[in-house]
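After this come two complexes, each holding subunit A, first together with subunit B and then together with subunit C.
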Partner chain A sequence: MRTYKLDSTYVLNYATAATINEDKGELRGKLDTVFDDIYCDEKNYELAEQKLMKTSIENVLKKSNLRLNDLELIVSGDLMNQLMTTYYGLRHISIPVIGIYSACSSSALGLIIGSNYAVNGKKVLVTTSSHYAAAERQFRYPNEYGLQKKEVVTTTTSGAGSIILTSKKHPIQIEAYTLGVIQDFNYKDVNDMGGAMSIAAYDTITTHFKDTNRSFKDYDYVVTGDLGSLGLSVLKALFKENGYTDSLDNLVDLGTMIYKGCPECYMGGSGCACSMLMLCGKYLPMIENGKINSLLYVPTGALHNPIAVFQKQSIPSIAHAIVFRKAV
Partner chain B sequence: MTYIYGAIYCGLICVIGQFIYDHTKLTAGHITSIFVVIGTLLDFGDLYDKLLVLCGAGASLPITSFGHSLIHGTMFETQGNGFLGIFMGMFNLTTPGITAAIIFSFIVALIFKPKS
Partner chain C sequence: MKDINTIIQEKKPKPKLSNLIFAFIGGATVSVLGQFIMDMIVRYTDLSKSEAVTPMIIIIIALTCLLTGLGVYDKLATIFGAGLFIPITGFANSMCSSALESKHEGLVYGIGSNIFKLAGSVLVYGVVATYLVGVVRFIYENL
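== the complex of A and B ==
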């Protein structure tokens, strides 16, 4: 049994910060702070990512009328080596910090860990961030190199999202979560990680359905993190091949949607911030406004390590699932 | 005619490079290395020298010319020094190219910041 039920975990508030590129597609006008430049008025991309994270935290605190010291804990995830954004960005605050890494599925892991601390009225802040150019430099090639992109690559989202969890009743409830298992089917193409992650998404979603006796029709939306258009079609094919007769119309991919209408973004968005921005910018408001009732949120992470790839290792991947529901 | 041949040869190199990049897992680094080796191999029978006469800058500009210069520098030194010439002459003719690359990239790095 990999699915755990939560009795009273609620989303107190949520907020985002991103750059001009994220403001063009699906999230146009839905972001709390938008920086005109991907440097975010900082000296380098790493500092820019830290600024995005700090801005999203400030935004969510302001929205919910809280001060930093009202928080019990911050759970934070990012893509940088040694969790640079988390630990450097939060080094001057005086509350506990848990840094987590689960690649692009960090937002789900953060919410899972956070929900276990948000008990007895305590408030826990969960944040994740990523930055296109900082990730590009670390995982692929130097920014100055100006490499030609391949058709199947995804674009790391620049931005950060923060969610405050609490045990007191609020409109959005986190009802259950399903922990992912590391999957590795010997995928080796670093340019096409959607394919590798689709297997992890398939495993987690089917396990969740089996554990809870539910299926696609029990959710308004089942959203995967950042498979990209190619990965999403692999996932849909997996469901069809394995005898799922449900309509897959409500299975959508956040990475495919975030940069809608952007030809230079190729397969879509990725990164810790991609699924978090879409969750905070689009789906949580939909639940809050009563437009939808339930959401199965399944961010996927390619646990890709550049050194392992140089040593000709394959790319493992993981996906965690969380059920968001309108509180009754 | 040199202009036309030059455009054809240079364009052909680019087409081959793009084709390899799009259809294999090889990176830009692999592809340039392959072209350097091809340029060196084309020195057999003075083939590349003939291309240089025929295509002018069209043949001396692409990376294949780098391989051609490597082998010529090496061959020249080996005439006087034998086997040791391989180590002495390899970069003789390519020094200006390498040095220019280092100096210009240094200057550009001082002035500009990457945009993405």
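== the complex of A and C ==
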């Protein structure tokens, strides 16, 4: 059994911060703070990402009328080496911090860890962030380097999202979660993270269905994190090849949606912030407003390491699933 | 039942023919520009045709670095691909972009140690190849 049920974990509030690029597609007008450029009034990209994370935390505290000291714990994830955004961004606060790395699936892992601490009325803040230029610089090439990108790449999202979890009843409940297993099918195309991660999404979703005896029709939406359009089509093909006859219409990918109508974004968005921004900007409000009742949230992470890639290693991937539901 | 590698290969977008055409146009434009600059140098200075090559390359490199700094070059390179990557413009851009990117880590640990991050391979194997060719030529001419 990789699925665990939670009795009383609720989303107290949620908030986002991002840049002008994220304010164009699906999330237009749905973000709490939008910075006009990717520097976010800071000196460099790394500081900009820290600012995004801090802004999203400030936003969620403001929205829920809390102070930092009301929180029990912060669980935070990002893509930078040594979790730079988390540890440098949060170094002046006086409450415990757990830094986590699970690539772009960090938002799910953070919520899973956070939900285990959010008991007896305690409040736990979960935050993840990523930044296009900072990630590009660390994982790929300098930003001004003139390289024709491959058609299959995804674009790292610049932004951060924060969610406060509590055990007191609120409109959005986290009902269960399914932990992912690291998957690797010896795939080595470092440009195509979506293809590499599709197997992890497939494994976690099917395991979740088996553990809970549910299927696609039990959820209003099953959303994957950041597979991009190629990864999503591979995932759908995997379901069909393995004899799933359900309609896959409610299986959507957040990375494909976030930059809708942006040809320079290639296969779509990715990064820790991609799934988090879409969750906080679009789907949690939908649950809160009663537009949908249930959501299976499956962020996917490509666990690749640039050094391992140069050493001709393949790309492992992981996905964790979380069930959000309108509390009854 | 198809395995996942087969599925991915089927779904992957095919390389675009337009990339080939734009690379040709880009490379051709850089070449024509270089030739034009060289002809102008020969015409308006005392330099001979073979002496004009170096100042022409310097001008092309300066132009590339200027465009890189202005944030225009990477956008052009996205369109023209190998057309800008193969000429000296690609080399100049790789150094300039690495230097720009590292400026916040300071002159020594940033710019100094990162400027050859991408161009280093070209230099190392360029020098090695030159040596090898030189040795072959030495043996050929002295035996």
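Keep in mind that, in the parts below, the second predicted complex is superposed on the first by the 327 of 328 C-alpha atoms of A that agree within 3 Å, B and C clash if a C-alpha of one lies under 4 Å from a C-alpha of the other, contacts with A are read in each partner's own complex, and residues count from 1 in each chain.
Following the convention adopted for this analysis, a contact is a pair of C-beta atoms (placed from the backbone, for glycine too) under 8 Å apart; a residue touches a chain by one contact, two chains touch by 3 or more.
Predicted model, so just to flag it, every value in this text is computed and none were measured.
Of the two partner chains, subunit B and subunit C are each touched by A:Gln148.
In the superposition on chain A, contact of A:Asp7 is made with neither subunit B nor subunit C. Considering which of subunit B and subunit C touches more of subunit A, the answer is C. Of the two partner chains, subunit B is the only one that A:Tyr132 touches; subunit C does not reach it. Once chain A of one complex is fitted onto chain A of the other, the partner contacts of A:Val234 are limited to subunit C, with no touch recorded for subunit B.
After overlaying the two complexes on the shared chain, residue contacts for A:Ile199 are found with subunit C alone; subunit B is out of touch. When the shared chain is aligned, subunit B comes close enough to touch A:Ile38, but subunit C does not. 143-144, 147-148, 151 are the residues of subunit A that lie in the contact sets of both subunit B and subunit C, per the superposition on chain A.
If you check the complex, the residues on subunit B that touch subunit A are 21-22, 25, 28, 109, 113-116.
In the complex of the two chains, the subunit A residues touching subunit C come out as 43-44, 137, 141-149, 151-152, 185, 187, 192, 195, 198-199, 230, 233-234, 237-238, 241-242, 264.
Residues 1-2, 4-5, 7-8, 10-13, 15-16, 19, 68-69, 71, 73-74, 76-78, 80-82, 84-85, 89-90, 93-94, 96-98, 100-101, 104, 117-118 of subunit C are the ones that touch subunit A when the two sit in their complex.
Interface of subunit A with subunit B (complex): residues 38-39, 132-133, 136, 143-144, 147-148, 150-151, 189.
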